[in-house]
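Alright, structures below, take your time with them.
Two complexes follow with chain A in common, the first pairing it with chain B and the second with chain C.
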Partner chain A sequence: MKWFLMLLALPAFLFPLASLVYILSHAWDSLSWSLIFGAEESSSMIEAGQGLWPQIIGSLWLMLWACILSLPVAISLALFHALYASRRQQRGLMMILQLLQGIPPIVYGLCGLIVLVHLLHWGISLAAGGVILAVIVLPLLTSNMIHALERIPMEQTESAKALGLSPVQIIGRVWLPLVWSGVLTGILLAMARALSETAPILFTATVFSGVDWPDSMLSPVTSLQTHIFYLAQEGSDAHAVGVAWASAAILLMLILCFSLLALVLRRLEEKV
Partner chain B sequence: MMVRRLCKKWVIYPFIKHKVRHFLNPLKIFVALGCVSAVLSVLVLLGFLIQSSLPFWQAFGIQVLWGDAWYPYESLFGFLPAIVGTVWALLIAMIIALPCGLAAAIVSSEMMSETWRNLVRVGMEILAGIPSVVYGLIGLWLLLPFLQHSLDLLTGHNLLAAGMILSLMILPTIMVMSQDALQAISEEQRESAMNLGVDWQQRLFRVLLPQAWPGIRSGILLALGRALGETMAVMLVVGSMDRLPEPFYNILEPAQTLTSRIGREMGEASFGSLHFSALMGCGLILAVMAMGLSLLAQHRSLIR
Partner chain C sequence: MNLSHKAMPEPIEGSQKNVGHAFDSLCCEHLYLHLSNQVILKDVSFSLPEKGITSLIGPSGAGKSSLLRCITGLNETWQGDIKLNQQHLRQWHGGVDALRKHIGLISQKPSVFPVSIAENVTFGLSRKQRKQNQSTWIQHCLEKAALWDEVKHRLNMPAASLSLGQQQRLCLARALALKPSMLLLDEPTASLDPRSKALIEASLRQLAESMPLLCVTHDLQQTQRLQGQVIFMCDGKIIETGACGDFFEHPKRIETREFLQWSVCDCGD
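This part shows the complex of A and B:
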């Protein structure tokens, strides 16, 4: 029985590892500084010669806006959960958060397409993408923060109240030192999530080429995620394939930066 | 009289005396603003999704759900091919990922040392973060040629490939959730099972798995929800052909899922047209299915 289980479990360990190695080994051949910063002369039909720098910046911009927009809302929801909500409201809030987390990202993308791009006339823009990604990461961010706040021992809050501290003082002086690592973990995970979402920004925020730098909030951007997708559609051109693998590797590394940092923080927190 | 009393209680009273200070508390204002904006944005987004798919439901009614032809330019909208494709892809993904993921969870939680278990866990959490486009690339340039050669097909784009890629993507979810559920069982349970003299296999099937089942079940449902909403990877490998599998168990032909249809055709549909509204209908069906799954997952884990 043990051997059977081990045999069954082998593909679960092996295949994901193999695919990771496969991506990295393919990317290794095509990754170079000139590819990122765009020093080389392009000879191919697609505009891959201008480097991946705009795509990287675009992805980071979208991620940044998503976090900036969703952070205050998530904080206020978490504070509502911790300070004012009754037991029943707390349970309801958690249920709604899980429900929202279950909705596929592409559905949020569709909603954003109607409301932001068409009804508000923002067009295909950085702002629309940022708002949609913010709504997508909001449930994740909020539930992480709520869990971080829940881990504060009751006695700390009680004794702070007994000392006559106001709620603002309790939050700033007692809770913040205790939960900052948990909150930071949540933010990092949300950033990783915002970086990896592709489908919702495909029609609302990004274009394939022709954009180096977003001039304003209402101009389209180009991002790594969608760039990979467009290149994959392009098909058989060897250069395009190489660029796609390289951008996949860059995207993976960016995401790994955030999620590994989050894991390290969580480990530290568990040890203390 | 009644009205006046209510007015006094709810409108006038809060704004007099010390209550004024109470309500102008910046913390409360911040919290209230955040909550209102969250509720409002979600309601507006989902409301407009329903509102803009409404013309389609009015024009064709509910029977499009089992119509089998989808030709948007001839105003034929049948959802059945995409729904069947989605169900097949989910089924294949589950058939592959469930035994493997569960076995991996059992192996890592019952047979491995603490260090190895943590290592596997970290690895799985990292894998869960890999974006779906990257999985799509693997599917497109590794899995499809492989399938095409080994099964001798015209094209590798088919439901089997989509299911296999999906299974790779939901494996970490299933495994992490099952491992958590197995780890949550107290040490006393294991020890008393050992004291009773039951062997490893009986302990696993009679003690550990029944207790971990609620957690495993919600993990499975979560994974199903994730696979249902996965777009990019499926879109790249499924082939996007709007027809029913012929016969219905033929998974080696190009097909279509709900998400891949939205992804493929959203760019062509003009805003306000019936086609656009039909795609919104697709989105609505997806949202309802996903919400059902996540409600089911919560329900089980709450009630136990």
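This part shows the complex of A and C:
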């Protein structure tokens, strides 16, 4: 029985590992400092100029705005859930979060295109992409915070209440020291999720070329995700495909960094 | 023995506004509590003497712990009237947070905060009070809780490193640090070893000389050791009250006699 179950579970370990090795092996030849930071002279349009640096920064900008915009809302929702919501409201909130998590990202992208880009006239911009990504990561961030707060022993909260601490003091002095690592883990996972989304920002935030750094929140950006998408369409150009593999490897490393950091924090939290 | 006595050390910067006088009594009148369409407390009326221990006994589900939660405001959906020193609980100056600083609550399961032993003692004090040197006050509270001798050389150690019995005494010291006017105890020695039990009982007897204590317990031998008054509750109602000796020797109600009989059988087992 044990061996049968292990055999069934094996693909779950092998497939991501094989994908990682496959991507890295294809990207290895193309990966270089000049590809990332740019070269003064190059035979290729892709390598010339600033390399992949603007794409990396663009992806990080979008990720950062998504977290900045969603964090206050997620904190408010989690605290409302913990402090004031009735059982019925708690169930309703969790159901809405699960529903939001189930909506395909491309639907969010389409909504962003219609509402933010066209109706509100924001155009293809960092702001539109940031808002849409914020909506996408909000359920994940909120659920993580709610679960972190639920892990606080009831006795700790009741003891603090019995000592006459106000709700603000309870949050700051009792809850925060107990949940900070859980909350940080949630933020890192949300960052990884924001970095991995392509379809929503393809519709709302990114262009392939002509942009190095966004001038304002209403300027378009370039990103690694959409860069890979555009380059992969150039199937006949071997160099473009090589750069696409390299971009994929860099993106994968960034996401892995955030996920591993989240994993380390979760371990720390479990030890505490 | 009185915590507000001049000879005793005081927390720096004084205490809360309402401290400085002892409450005459706690007075509950016609208290009802409904939770999830169930009646938990039915027409509960009693008052506590100015000082001394009152044991609250009864079978599980009688509403004893719920009664304590109503008094401390942890459960706010009760109907009726609860007065402390003739002041209605719901109209307390400064609200429920200020009220809770006057009523020390010790739960069955000790719950220490993940900070040092000393910081646990001062956890309920204001930020201003905590910033000042409170070492004399910490020592006084730990002595009152019969814990000082065991922790005086490791006040900066995490409170979680203490044994369960020591943690419970730390919770008692933490409650005393606020100079409460009364103490509510919810089975404070239920999961403790005999030594910790004896130490806590000794502390309670000493504290009872200066303030009223209301102690929920299932341990009838402990009730007899603590003496004082006894309130017997069953099905959310107060069945019988009386002085400890009288209550055990001459119970008036049939429910009380049955409860005492069953409890004696339990002890025998």
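One rule holds for everything that comes next: the second predicted complex is superposed on the first by the 247 of 272 C-alpha atoms of A that agree within 3 Å, B and C clash if a C-alpha of one lies under 4 Å from a C-alpha of the other, contacts with A are read in each partner's own complex, and residues count from 1 in each chain.
Here is the rule we go by: a residue touches a chain if its C-beta (ideal position, glycine included) is under 8 Å from a C-beta of that chain, and two chains touch if they have at least 3 such contacts.
Just so you know, these numbers come straight off a predicted model, no measurement behind them.
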| item | value |
| --- | --- |
| Side-by-side fit of chain B and chain C on chain A, or clash | fit |
| Chain B versus chain C as contact partner of A:His118, first or second or both or neither | first |
| Partner chain in contact with A:Leu79 - chain B first, chain C second, else both or neither | first |
| First (chain B), second (chain C), both or neither touched by A:Val174 | second |
| Dominant contact partner of chain A by residue count, chain C or chain B | B |
| Touched partner set for A:Pro153, first chain B, second chain C, both or neither | second |
| Contacts of A:Lys161 with chain B and chain C, given as first, second, both or neither | second |
| Touching partner for A:Leu138 - first (chain B), second (chain C), both, neither | first |
| Touched partner set for A:Gly92, first chain B, second chain C, both or neither | neither |
| After fitting on chain A: smallest Cα gap, chain B-chain C, Å | 10 |
| Chain C-contacting residues of chain A that also contact chain B | none |
| Chain B-facing residues of chain A, complex | 1-2, 5-6, 8-9, 11-13, 15-17, 19-20, 22-23, 72-77, 79-80, 83-84, 95, 98-108, 110-115, 118-119, 131, 135, 138, 167-168, 171, 192-193, 195-199, 202-203, 225, 228-229, 232, 241, 244-245, 248, 251-252, 255-256, 259-260, 263 |
| Residue numbers on chain C that touch chain A, as the complex places them | 72, 74, 97-101, 103-105, 107, 109, 111, 113-114, 123-124, 171, 174-175, 178 |
| Residues on chain B engaged by chain A in the complex (per definition of touch) | 26-27, 30-35, 37-38, 41-42, 44-46, 48-49, 52, 99-101, 103-104, 106-108, 111, 120, 122-127, 129-138, 140-142, 168, 171-172, 175, 200-201, 204, 222, 225, 228-232, 236, 259, 262-263, 266-267, 271, 279-280, 283, 286-287, 290-291, 293-295, 297-298 |
| Complex contacts: residues of chain A adjacent to chain C | 153, 155-156, 158-166, 173-174, 177-178, 272 |
